[in-house]
Structure formats: structure tokens, C-alpha cells
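Each of the next two complexes has chain A plus one more chain, namely chain B in the first and chain C in the second.
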Partner chain A sequence: MHTASWHSVGMTLDECIKCNVCTTYCPVAAVTDKFPGPKYVGPQAQRFRECGQIKSPDISVDYCSACRVCNEVCPSGVKIAEINARAKAQIVADRGIPIRNWFFGRNEQLGRIGSIAPQIANLGFHNPFSRLMAEKIMGVARHAPIPHWSTEGSFRKWFFRTPRLKSDKKVVYFHGCSTNYYEPQVGKAAVAVLEHLGYEVIVPPQNCCGLPMLNNGEFRAGEKLYRDNLAKLLPYADKGLPIVGTSVSCVLVLREEASEMLDIENDQTRRFRSALWDMSEWLRDLLDQGKLDTNFRELKMIVPYHVSCQARAHRMGRPSLDVMTLIPGLDVREGNAKCCGLAGTYGYKAEKYDIAMEIGEEAFRFIRAQGDDVKFTTSDSEICRWQLEHGTHKDCRAPIEIFAAAYGLYDLDRRRLLVER
Partner chain B sequence: MLDLIVIGAGLTGLIAAHTAARAGKQVKIVTKGLGATHWHAGSIDVLGYYPNSATPVQRPLETVRDLTRARPQHPYAILDGTLSDALKNFVALAQELGLPYAGAANDGDNLWLPSPVGAARPTFLAPRAQLAGDLRRPEPMLIVGLRGMRDFYPELIAENLNKQGHRARAAFLPLDLITERHDSNTVHLASALDDPARRMKLAAELKKIFQPGERIGLPAILGLDAHAVALDDLQAQVGAPIFEIPTLPPSVPGVRLTNALRHRLRQLGVRVEINADVIGFHAEKDRVLWIESDASGRPLKHRAEKFLLATGGILGGGINSDHTGKVWEVVFNLPLTTPHDRGEWFRARFFDPAGHPIFRAGVPVNREFQPVDANGGRVYENIWAAGNILAHTDPILERSLEGIAIATGMATARSACNLKP
Partner chain C sequence: MKRIETEILVIGGGATGTGIAWDAALRGFRVLLVEKRDLTHGTTGRYHGLLHSGGRYVVKDPHSAAECIAENRILRKTHMHCIEDTGGFFVVTPEDDNEYPDQFYAACARLEIPCEEISVAAALKREPLMNPEARRVFVVPDGAADSFQATHSTAQAARQAGAQILNYHEVVQLLVEGGEGDRRVVGARVRDVARGEDVEIRARMTINAAGAWSGVVAKTAGVRVDVIPGKGTMLAVNHRIINTVLNRCKMPDDGDIIVPIHTVSVLGTTDERVEDPEHLTIEPWEVELLLREGEKLIPGVSRTRFVRAWAGVRPLYQEHYNGASRDATRDLTLLDHKTRDGVAGFLTILGGKWTTFRLMAQVTMDKACEYLGTCKSCVTAQTVVPGVEQGHYWLGHRLREVEEHHLQSELVCECELVTRAMLENAARNNPTLTLDDLRRDVRLGMGPCQGGFCTYRAAGILHQVKSQNEKGKSEEPARWEVAYMQSPAHNQRSAISDQPSAVGGQPSAVSGQQSQFANPNLLLRDFLQERWKGLLPILWGRQLKQERLDELIYLALMNADHLPDENATSPMSEFYARIAFSGQLSANSDQHSAFSEEPISRER
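On to the complex of A and B.
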């Protein structure tokens, strides 16, 4: 199935027939001249980057948001997003990395430091003066929806503090940095659902998936993170346990993006990949096998569903939608917006914030069009959820929180478990 | 269980899915990328040149009758007289979708429309916006380009038209009438002209340069979502007949048609799974149970009762080849009519009016459009094939691409779903 290598990503550029479908659908090129479009910075510029003849002929590729819409619509199978990611890495190798992007790559460390005293950290960073300074000095967009550190403690702390279900059926949970430090509620909902289904949840040591580094062209540091996760999690995969994640973008990196971009496809990465699941995808698989408890409570509401670009990039269909449609009373409405704009760390950058908001407008408009009664929206990616909340002032929940609520385990309003073990 | 999965989202696939869904069938489209409709002039060719002849066809429906007698394996012959009804159905559908078509259907003759280099191309039906460009009409033409817009050169078009005996002159207007951006593609420009204020500016300038009695040819960017209004509005303000000349890709008339058909399919509950590259299938005896598409973790299975192959020919990606001379159908590895000896693939002259034998290669089918082997035996009981993948025709050379796409798309969907014509 997968034969990723430098060779194959590079070779796919020869499949480009210059049809411009990518440029037509690129959400960035649609709103700014700073990015000429995937065809130009991808398969076309790549011809000048080969063989190291010229160093980074054009840095407009830096304006690629890595949303992968180009890959999605390409009728010829060109791996445009990967070509762009490698070009960015080459620019970083040639010219060094801006200090801001270096920080963005280290969100796990930032999460850990802030969580020592989250109230103080939130107060210290999330005030207008600090944000203004962060913009002026570092180029971090002052209005961008940077998450708050959770004041209820990290997910891992909660998990290991409370008694857990023991069972013969076991599943490994990959929570990711954002669930651990910013949205522990998502992890709690996931554990509640898994235990409700009779699974013992294992939360092994794990680290950042490496996405922020890979997106910012820090390939070597990103590779180390990927290999660390591989070492920590592969033993579970080799025992035949599924490794399930609620962060759709982390799972994408672990499963495919990292090994493909970094060209480290081997037997280990293949074993790792085949054990990894997106949470909704795994629940849908249970459903297909007739093993999912579909005894859902009625949730009478309209929920606009934004399909995040990372969820699309999995090419796994719409598993969250497939499961949500089983919930009685729930009127899930799938939007067609291509991207929320934030795309990893893109919209946090001062020079790209306006572009990100303009891209997001399509998603915001869709949500507004569903009426004022809409209380919650949903999306698989935390990044999208923050951006949608920022753009629409409506609360956005993870699909797993909606599933937990439909099992009667979770309060969607207050974002907490109804029953703690 | 779905009734039908259509593989491919070009004109053939969209029309086939619509035919089945409209009759109440549960349908899904699975496609690698977005289809060839983005390269498409928007007009519907039925027969422009008889095979092996350089003389253009004047009355295509009559000539098709000769063709079907002379070549009983040609898709038009297999259609068995349903072509003209299919075209009528398409005209009615396009009308419903707000993209009215007209043309030869009225008098039975082909239209002659200017191409983006000013060549004359025969076609049977054209979107309303292209009709005033018919080269059989006597009025002189004013071809207007926008300085700074890529790939549209009014002088070249006018000069070539003059050489062919048509009166035409060229003029340029500044691009900033339409957009403040410096680097826009045709779809972005069309979208900008959805805005009445920008149309008013364009109309004012057109009024200054056109002479009474002229008709005005513009690149095909007159509105995207509000195209019908944009065209009427502009003609009324300028007071002259206006026509669109399709551009190089992305071709807005094709994008409009795709968008309209996809919008209708959504209303009919048809999901279009994009970026689903079919990499395998499972058959028992001669029945296909499911197809599998490539995904980040594990192949995604798509089950249905019937499968309709609309993946296109060599250009569309339904047929692939490698440097060893191997040629194969990419989804089911169906038998093809490729010449065995690679030396017979091409004729010596690039523009040989007889075309190149390799482009006539395709999937041979029976009278029900079900793929057959060399002995005429049906390969699978629940597979149908339609469009440019079919053998015994070279639709680009014959200028029969859309006629075959529409008529075989409708006929196969009917045959697969046991629908009455």
C-alpha cells in the first residue's frame, strides 16, 4: 500500500499535469497574493530545488499552511504537501529557524511549564499587554486563539489519581499534549467511553507527536520525537493492542506524516501504523463488527460539524459522522469548508493571522448559517475547535465528548464527567 | 448497504451518480481527486470529426447514426439510440441547476466556438454564456483581455480568427477593474465578478471601447456562484451581446458545472469521498463485494451491491502504463484492447488525423456496458463501465467526450440499477 520514500514523494511531481485543481481549491491562495498556490511552490518550484543547485529559490512556500487540501483534490496523486514540507525544511536548514517557530515546536515543554502553576501562567501570558508584547517581540499574533492552560490539572495526573477499570479487553490511549495540558476534559471523556465499553485503558509514557516541529521545518528534532514515541509505544502494538488517539492530527503524524516526510518507512513504522487508530475510526470499526454499544441517549440539538483538514488527510471517510448519526435527536450537519485557517501553528503567526481568519470565514459562515439555536459545534481537531470558537463565539466540542454525553457519562455544558470512578 | 458505488467524479461519474440517486437509489462516489471537469470548456461535444477524417461534422446526430452502423463496438452504437434522449435529459438537468445550455439541439448543426487560441472548435451544446461566440454569426467580435491575467491573449485570438475569415479585434482592460490582487487565477476572478459593484466597473469600461454592432468576447470568468445573474447584468449594462471564451485550466465553465452537480448530489444524499484512491478490491466468484481505498492507517473498505467504473482513460487516470510497455486498468485490472506490440501504439505523425491506436484502447464492454474479456464473456456480474475508459473510441480526437460521458453515464446507471429509461 505505502511505498513512501524521498524517491516516491519526489517522483510524484512528474505526475503533475498542471491542471491547477490544487490552486483552485487552495484556501491560502484564495485569499492572499503572498502564496501563489500549491502548483507553483510545489511541483513547479521543486524542479529548481533538486540536486541542491540553488538554495531555496523562493520562500513563498513558507505561506503554505500544510492543510493538505492540494493532496486531497489532486487527480494525479502528486504529494504536494509533502514536497512543500520538505522545501520548508530546506529553508530552515539553509537559513535557520525564527525563534518564535522554535518555541511553537516546543509546545509540550510550554504545556508542562505552564501547568506547574496554570493560574499564574494564564494570567501572565493571557493578558492584553503580554499578548501585545508577544506580538511585537516574537511575532505571535495577539488575537489568535492560543489555549489556556487547564486549571484542573493535567490529564495524566487525573488518570493516575483515580481508580481505573481492569479488564481482559485492553486499549492504549494516546492523548497528545493538548489534551494533557489544555483540554483534559477530552481525555476524561475518552477514558469514560472506553471504560463504558468494557475496555481497560492503558496510558503509557508518550511525548509530543512532532507535528509543530515538522510543520515549521525542524525535521531533525521532529524525527527524534517520532522515534521516541515509536520506542515507547511499539511494544504495545507488538502485543496486538490498539493504540487509540483523540487528536486527529497527532494520529496522522504518528501513522503517516512523519515516516513519509522523513523517509523512515520500515517494518517498525509499518507495525506502529497498523496499531494506531483515530478514536472515531476505532469506534466505527467496533460498529462494523457489531460490537459497539449503540444504546445512546437522546441529544436533541443541531450540531454543525467542521471536517478538519487533518481528518480529511487520513482518507478514512467520516468516522465521527458515521457514529454521531446513530445518536437519536442529534442533527449533525457536515460543512464543506476546506480549512478553519489555523492549521497547526499557522494562524498563531502575526504575519499570517489575518490570512487564517479570512480562510476560516467559510467555516464560520457555515456555522452561523445553521441558526442562533446552535449551542455547540464539533470538530475532530483541537486546533480547529479553538479557531471555530474564536471565529463564531460558540462552544466547540470534540466528537468523543458528544459520544460520552450520548452514553450519559458527560455534561457537555460544564465539560465534566457526570460520574467519576 | 449501498445500491451503487461510482468510482470517479468526472462528468461521467457525476451524471451516473445523479441518475441513480434521483431514482431513489443509495449512491456514493469514491474518487482519487477532483475530476477532469476542471479542464473542461463547459460545452458538450457529441461528434466533431468522424473517425479517420479531417472534415468536421456538420450534423452530429445524423452522423452518429452512420457511425453506429459502421462501427458496432463504438459506445454510441452500444447506446442503441438513447443518445439524443440523454442529451435532452442533460439540457433539462442543466436548466434545473441554473446553468442553461443551448445550441445545436435547436437546429441539429454543430456550433463553432472560438478556443482560447482563436481556433474554431465544433461542439453540440454550449452554456448560454458561450452562444454569442458562435462563429457562424456575422457580427464582428471585440476580444477583450485583462492585462496581467495569465494565459489569455486577445491579440492572439483575434489574429487567428481574422486568418480564418472572421472579423475580430483585440483590446485590453486593466485587471484591477476586477481585483486588487496581482496574482489571481480564473476561479478567483470569476468569484470576484459575483460582486455587482465590480461588474459595474467592468461594464463602464467595456462601454467605452466597444463599437455598435460588435459582440464582445471575454475570458470565461463572468461569475462563479452568481454566473447567470452576472451575465445578464453585464449584457444589460453594456448593451451588447457578450460571450465567454473558455480559458486554460482551471476552466470556470467546467468548475461551475461540477459545483452545480455536486451541490445537487449533496441534496440527494450522495456522499463524494475525495482522496480515496482505490487500491484493491475483493471478489468472490464473479461478484465484487467491496473495493478498498488507500488511507493513512489501513485501507478503507467500501461495500455496495453494484460498482460503476468512471475513472477515465489515460488522461483521466483510469488507465495507466509504465516504461516497460505494460498497460493496465487501475481498479479491477480489467482486460483492455491495447495493441500487443508497443510499436503499434503510435503513428508516425503527431497530428495524424487517424489518431494514435493507443488512445483507442480501453475497456471492452457488452451491450449492457459490462466489461468483457477477449472472448466476450462478462468479467464480473456487478461491474459497469462508462465514459472515457471505454474501448473502440478516441473521444478527444472525435470530439465526442462529453456526449459519451453523459449518455453512457446515464445508460450504465440505469442498467446497473434496473431503471427504466
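On to the complex of A and C.
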């Protein structure tokens, strides 16, 4: 089903020298024998896959969580995670997509439907009986931390309802589905911080980044989403405006994952990529230019910081950490856990829930080790935040919420803006 | 001296020799085949793997082309599992002559070779890396053939029909009786290389199918056969960058074909007349030519990762021919030494292609029948060899089987997905002297790391299997399904753990008294040296990086250059140590050893 070109990810298999570093670091292979490891399913198996052939020889690549730790540690530059994603897509093209994964790919639609009547939706889905049925019938893990629909309305509704700051300095905000429907607080904190810094925030029409579909092997549908976003956002990029996102994984997909997996490499994708920023990365860039207001209020607390695998995959250092360390009184502790385990929709799948929890144990242990005084943890990815809350029973906040709190704009406990415009 | 009586003695364990043994056995003859090394060690195991549609020779050598298409149709049935139905393109690149494509198309029609012109866009859709500047593309029924598997399957079919096959039995001398004008070959004295003993084989008819070595064999009977050994060099790209055979649509020439075979893509070939069939030295110009010409079919191919270079020697023959080997006919030639040289009981079969091996066997046996006074007809075209029920080969089959049967933890050669049981079964049941013999059986060490991660594992396993053989454990060749030797799913049971003791069976030709060859240090050294040969000509870029890691594994970690038993040698050690590349590094031949003090990859 895929085409081949010299820059398609499959070609990077030639970089593999079989050294096994990826397999040694793989968080999934470390906890289950169902996954033979990134070297095996990646560059090794790739030699047995035929470009253009529908019949897929694969089975176990389905257990790759797409955390991209392998890419990060590979000393040779093999795009293992993307090779795996394409192999999964070939399985879907060959054998079809399980109905559950089809639903997971459509979290934008689920978010929209649920947010029509969030209380009812939450009650309807988040009760033990429904969850048991969802597990038995669809294979959705009954204990997995599936988010609740926000009962305070969607982020976009809030944004367009309230008067906004007008300014010559403009920034485009990509909120992602999760901020829109499940955690509008993150978006509100982001807007508050950006406006505090004197920027006019533009929230253009946008859609799901496509990650859930791409991760579940629905390449054609995922490609449509990517191209739609490209069409909607590229004009802003071409005006020279930064496009900033609070969801590291969505930004990663728009920046490089989608175009790499789908083998779309052209001038448009390059222009788009260069305009995209992770929120913390962009703030750190302001800091480097001396333009960031560092007049933070004291936040006296210990915050364990879980570096999500998607944030690492950006290869941008630790921008959230760089900014958080400027906040007086804040004792940020960086963990070294490789992955929280949930990894997109991986840990929601009944057959993978236990694996995900076992992977996450490293992160949970790190958080528990920081003592009982810890009130909040933090992580850049919403997925990690949900998993950490599930595994540690401690509230997890996005770094942008902490920044907003440090500017005196946000109440971390109640998760709401202190001053509405 | 041990003596064996038979009706037909076949010399040479390549495609042709095993084909003759199969044909002869099916016609009801008692037949014995001897091969001086392992089956397919010669030219059969050193070709690019093209199942010809005939398109390549359709203009230049129509007779050969007609044979190719007829045999192509037959082999797709009789050896189905050894063939991948890739199809082939004949591509007219901007450099190619404008007249030739029309001649080509017309000639295909004349010979009824199915040939269809498709748009360049349609061809690019199927093979996106093909030269987009191509002007015309024709589709023909080329295929990719696994000559190792096919020869083993043919040999197994021959055995099942009663043939006996002895490898590592080298002809020392043909036995000639009678005086001037009435001479006849009555068999051969052969040397059992593993045991170091001579065996006398008496036969009513001796068939020389030694390919490029035929001249050497015939000479021992005082018969002169001037084979034209045409050396061809090939390069393997690390993976399948194409899935269709790509040919240039022009007169056959050097470097004009790329064959997708198993997990690699093979760039072929050069054609250089050499004196000695064992002259397999690769010249730098050959590598450069293949890269340069390959670029014309697949722009960018020269920058891919190459895992190996190797050379084979075509057994071309043309009576009284003195020209270049490239222009010598690809036609098969049967030499009837009775009419030609006045020596009865002796036939030599030469020329041909892998694709026409069955026909070569048929022609040879038809002639043999004449002399033996019987007129049994050939049935090989209607008889399938064991294993065809698997259907056509497809690239994903090993991965699929490993996946379905959860054999990931059983892998010994990770690159080519060879399980421990595959190795053990092949080692126990197929006469094996070296790890290279196992490589031909199961593709051990043929992937990107070229033995980096499997040599030490396999050396231990082969040592263990051989040691057990020596302890008098029985062998059960019948239990080993040769046709499935490459199938992980059919080799799930380990030969060692499951072997019931004391069940009678035929001991294989090479077993027992071979303790010196079971030495694990020797096994390891031999295989590393053998792999090293094919790496030297392409040691740059990513493969160089791989070799640096392999070097660290064997020299820095395992101290393999200071292993004991330094003086132990196998019958193959000398061959493996022979110079394989005449690059600028050849000034000091010591540097060609993987174990020299200063290996080339460590050059500062």
C-alpha cells in the first residue's frame, strides 16, 4: 500500500548495524515477550516486507507502543518507530481495522458528540457497567484512564465567547482535540500566558492532528486530517506567524511524524514544519531572546516532572524544565522513566493495559519516591498526565498551567483562571 | 579401496548435475552423483537468481530464448516453491538505442514470449525507484529463482527416485579402458574429501556436468574440452529496493540487470573470460561498472548499502571459439565424446542457463538412453519436486512463519530469520563440513551483518550437532524435509532434543570421523574468512560501519584472532583464504585475511 522513495522511512533500515541498543532500551520489550523488540520488528522485519504488497507478514509489530524511544537511542539513525507504524498500516490494509481502533482514531468526533451533553456522556460511559461492557465487547480496557468530557464547555466555545487581546504581536495556537473537549483548562492557561506576554492569540479552524489514526494504521484517513490541517494552517505559517501547541504529541505529528510516515516531503510540509513550536519550546525561545517576562511568583512546592516520550522525540532538550527552573520556590525534579506506558491509545486496549501499567511503573515509582508532600506532578503530554494520575493518584498538571500559576493568572488546585478577561 | 557399481555416474552437484540425476532416476536408472564440494557450491550457487523469460536473448540468441520461455513455463510448475513470480521489466533508458525495442517486441511475439508494453507511469507506480526518464517499458514473465532450494529439491526428488548423491567427493581420475580407437570411460576414482579416502565408482555411462570445471574433469580421460569460463560479478543491495526484475532493453551487456531475490536486490553482471574456473577475484572496475550501469536503471542505487559482492563462472561453450565470453552463445551444448573424440561411455553437457537446467538434463539423458539401448522417455517436465505444495515463494514467508509460531526467541541468524532448529536439522541431515554449507541450506549469515551476530552462535550449534553425530546417534534423513529446509514453521522441532536414540537410518555421506572439522574454532574462522571475502570489494559507507562493529565483536570482544588450534584446516579453508578482490589493497595479500594483525577495517 505504501510507495517507496529514497527518503521514505523504510530506507533507513540500511543504517541498522544490528547493535541491539534499541532493544535494550525498549520499554515494551522489557516487560513483555509479546513484543520481540524494535530491532526485530523494525529494520530486521522490514527486509521481509514488500512495498506495494497488501499481504502483510506481520503480527507482533502491533505491540509496538510507538513511544519512539528506539529512534532516540539508535546510534545509526534508523527511523524504527515510523517503520513500525507503516507495518501496522499494512496490517490494517490487509486485515482491516478492529472496530475499537476505528473508534480510537476518531476521538475528535467522540469528543464533539460527548461535549453536546457532557454530564450525560460521562455518566453513560464512565460507569463500571459500561466500562465492563466496553471491555467485553470492544476490548477497551476497563480500568484505563479514559478522560472525562469537560463539563465547562469546549475550549473553542470559551475562546470565542470572551473578548480577546488585540496586538501587533500575534501567535497562532493549535489546541488539539484533548484541550478542546477534555482539558479546556490547559488552553485557557495557554491563552492567559500568551496574552500576559502581550500576544494576540489566533485560534484558526483546525482538526485532529491524525495521530490516533496513524498509530492505529489508518493511514488514508490520517493523511486526510494532516492535509486538512496543512491547508488550514499553512497560510499563517506563510505570514511568518508561529504556530504554537500545548500538546507535544500533536505538534510532533504535524511537524514531522505524519509527513515521514506518509512519505510526503515537499516545500509545503517544510514551510509548515518550520512554523510549528511546542509551547514550552517557544517560551524558552523568547527567554533566549530576552523577551520572556521572568517575573514569576513564588510557587513553593515539589513537582516531579515526567518527560514524556513524545517530548523527547522532538529533540528539543527540556524546554519545560528550562522555564520551570526560573520559578522561585519550585523544586522541579526530572524523572528518567522512558515512557508512561499509555502511549497514545496503546494502554486503552484491553490486551495491552497490563503491559502499559508495567511500563508506567518506572514513572510511578519515581513519583512516589519524591515523598508524600507532592501535590502535583507535571508532564507535557495529556496522555502521560492521565496515566500518571491513574498510576499514582496524584493530580498532574501541564507545564503551561504551572507557568500561568507562576504569573498569578491561574489556580492550580481548582484548575481555573483567576482573572477572566 | 571402496568400490561402488552403478549404471550412470553424474559428475557435478549443480543445477544440471542434480537435474540429470533426477531425470535418470525417474527413467529407472541406477544413478550416483558426485560433487567435489557442497551442492550448488559452484556456478549454480553464485548467480543472480533470474528465471529467464527469454526476453534477454530474444534478439541476440533466439534459440536460447525459445528454450528459456519453454523451461520458464515448466519450472513454474515443477519447482514452484523455488520461484517468486516477480515479473520483469525491459526498460528503455534515455541512453538506449531506439531501434532495439521494436525488434525486441517483434521477436518476443515471434517466440510467443508474453510481452506487453505499459506506460512509464504505470511502471513507476509498480517500481517507484525505477528511472523516471525511461522512455518505454515492456513487461515479461521473468521471475526470481532460489537456486539453492531448487537444487536441493531436485536432489531430494532424485533421491526419492533412488539416486544416490555424494557431496565432498572429488573426481581424481576418470577410469578409461580399451585401446586406441576403442576407448571408453567406465567410471571414476573419486576422493572422499572428508574421510581422505579414495572410492572407485564403476558406471556404464559417465556424465560430466561439472560446468566450468568440465574441462578439468575431461582432461583426466585425455579428452580436451575448452570451456569458456565467463566470470560474472554481482553486487547485493541490503534490501529489496525493487520487486520486479529490471532489465535494460538492449543487446545483453555488462551491468544491465537488477534482480530482486529473497531479501536483497542483485546488480548483475559482468562477463570476463578467465583462465581458471576458480578465478573468482573481483576487480575494482567490475564494481565500478555495476554501480555506474545500475544508476541507469535505478538512479541513486549506487548510494544504497551493499552487503556483498561475489563472482561466479559461466560454463560457456562454443566449439573452436576464441572471442569474448560476453558474445559466446548461451545455448546448451552436449558433447558426445564417442563421435567427437572416440571415447565411449562419456558425455559432457555445457552452456545453458540455470533456467534451462531441466532441458539440459533431458537432452543429456536422451543421448545416454541411446547408448544404453533403452528408450525410456523423459518425465521431468510433468513431475513436480517435493515442496511445490507451498506455492510460489513470497518474500514475507519466513517472517510470517516466525510470527505465527512465536519463534522469535529461536533465531540464530536474526537478519535472515534462521531458527536454531532449521540449522540443526540441516546440519544433521545434510552432509555439512562448514558453516558455509549451512549458509547455502538456510541462508545463514547472508543478511546485513554478514555473520556478525550468528557466526559464533552457529559455530557452537554445528559443533554440538557434529559431536552428537560422532557419538553414534542415528541420522534420519527421511525425517528431514528438504523441501522445507527454509521454512521456520516446518522446523520447529530441534534435531538434538527430539532425536530418539538408536533408530536405524542411513548415515549421511559426511559424518563420523570428522572430528577435526567439528572444531568450533575452525568453524568460526572458516566462516568469518568466507564472509570477509565478499565484503572486501564493497567495504565503504554503511557496510564498513557494520564491519567495524563485527570486528569489535570478534577481535576486541572474543579475541578470535588468537583462538587455539591455529593450524586446523578444513578442505575449504584454503579456498576461503584466497584473494577475492584485486583492489589497491592487494599489494599485501596478508591484509585480505580477517585475522591479520592489521585488518583493513582498522586502517587508520
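Of note:
FYI, the second predicted complex is superposed on the first by the 409 of 421 C-alpha atoms of A that agree within 3 Å, B and C clash if a C-alpha of one lies under 4 Å from a C-alpha of the other, contacts with A are read in each partner's own complex, and residues count from 1 in each chain.
One rule holds in what follows: a contact is a pair of C-beta atoms (placed from the backbone, for glycine too) under 8 Å apart; a residue touches a chain by one contact, two chains touch by 3 or more.
Predicted model only: the values in this text are computed from it and were never measured.
Contact with chain B, but none with chain C, is seen for A:Thr24 once the two complexes are overlaid on the shared chain. Look at A:Lys300: by the touch rule set out above, it reaches neither chain B nor chain C.
Of the two partner chains placed by the overlay, neither chain B nor chain C lies in contact with A:Arg161.
With both structures placed on the common chain, the touch criterion links A:His393 to neither chain B nor chain C.
Contacts of A:Cys16 after superposition: chain C is touched, whereas chain B is not reached. Legend: residue contacts after superposition of the two complexes on their common chain; A:Trp277 is shown touching chain B, with no touch to chain C.
Using the contact criterion defined above for the overlaid structures, shared-chain residue A:Pro36 touches chain B and also reaches chain C. In the superposition on chain A, contact of A:Phe48 is made with chain C only, not with chain B. Of the two partner chains placed by superposition, only chain B is touched by A:Ala313; chain C is not. Residues 17-19, 33, 36, 76 of chain A contact both chain B in one complex and chain C in the other. For chain B in complex with chain A, the residues that touch the partner chain are 32-36, 38-39, 181-183, 185, 187-188, 249-250, 255, 271, 273-277, 279, 293-300, 315-317.
By the touch criterion given at the top, residues 1-2, 17-21, 23-25, 29-30, 33, 36-37, 71-77, 251-252, 255-256, 273-274, 276-278, 281, 312-318 of chain A touch chain B in their complex. Only residues 126, 128-129, 238-241, 243, 263, 300, 304-305, 394-400, 403-404, 408-409, 414-415, 417, 447-449, 452-453, 542, 545-546, 549 of chain C touch chain A when the two sit together in their complex. Partner chain C is touched in their complex by these residues of chain A: 3-6, 13-19, 33, 36, 39-40, 44-53, 55-60, 76.
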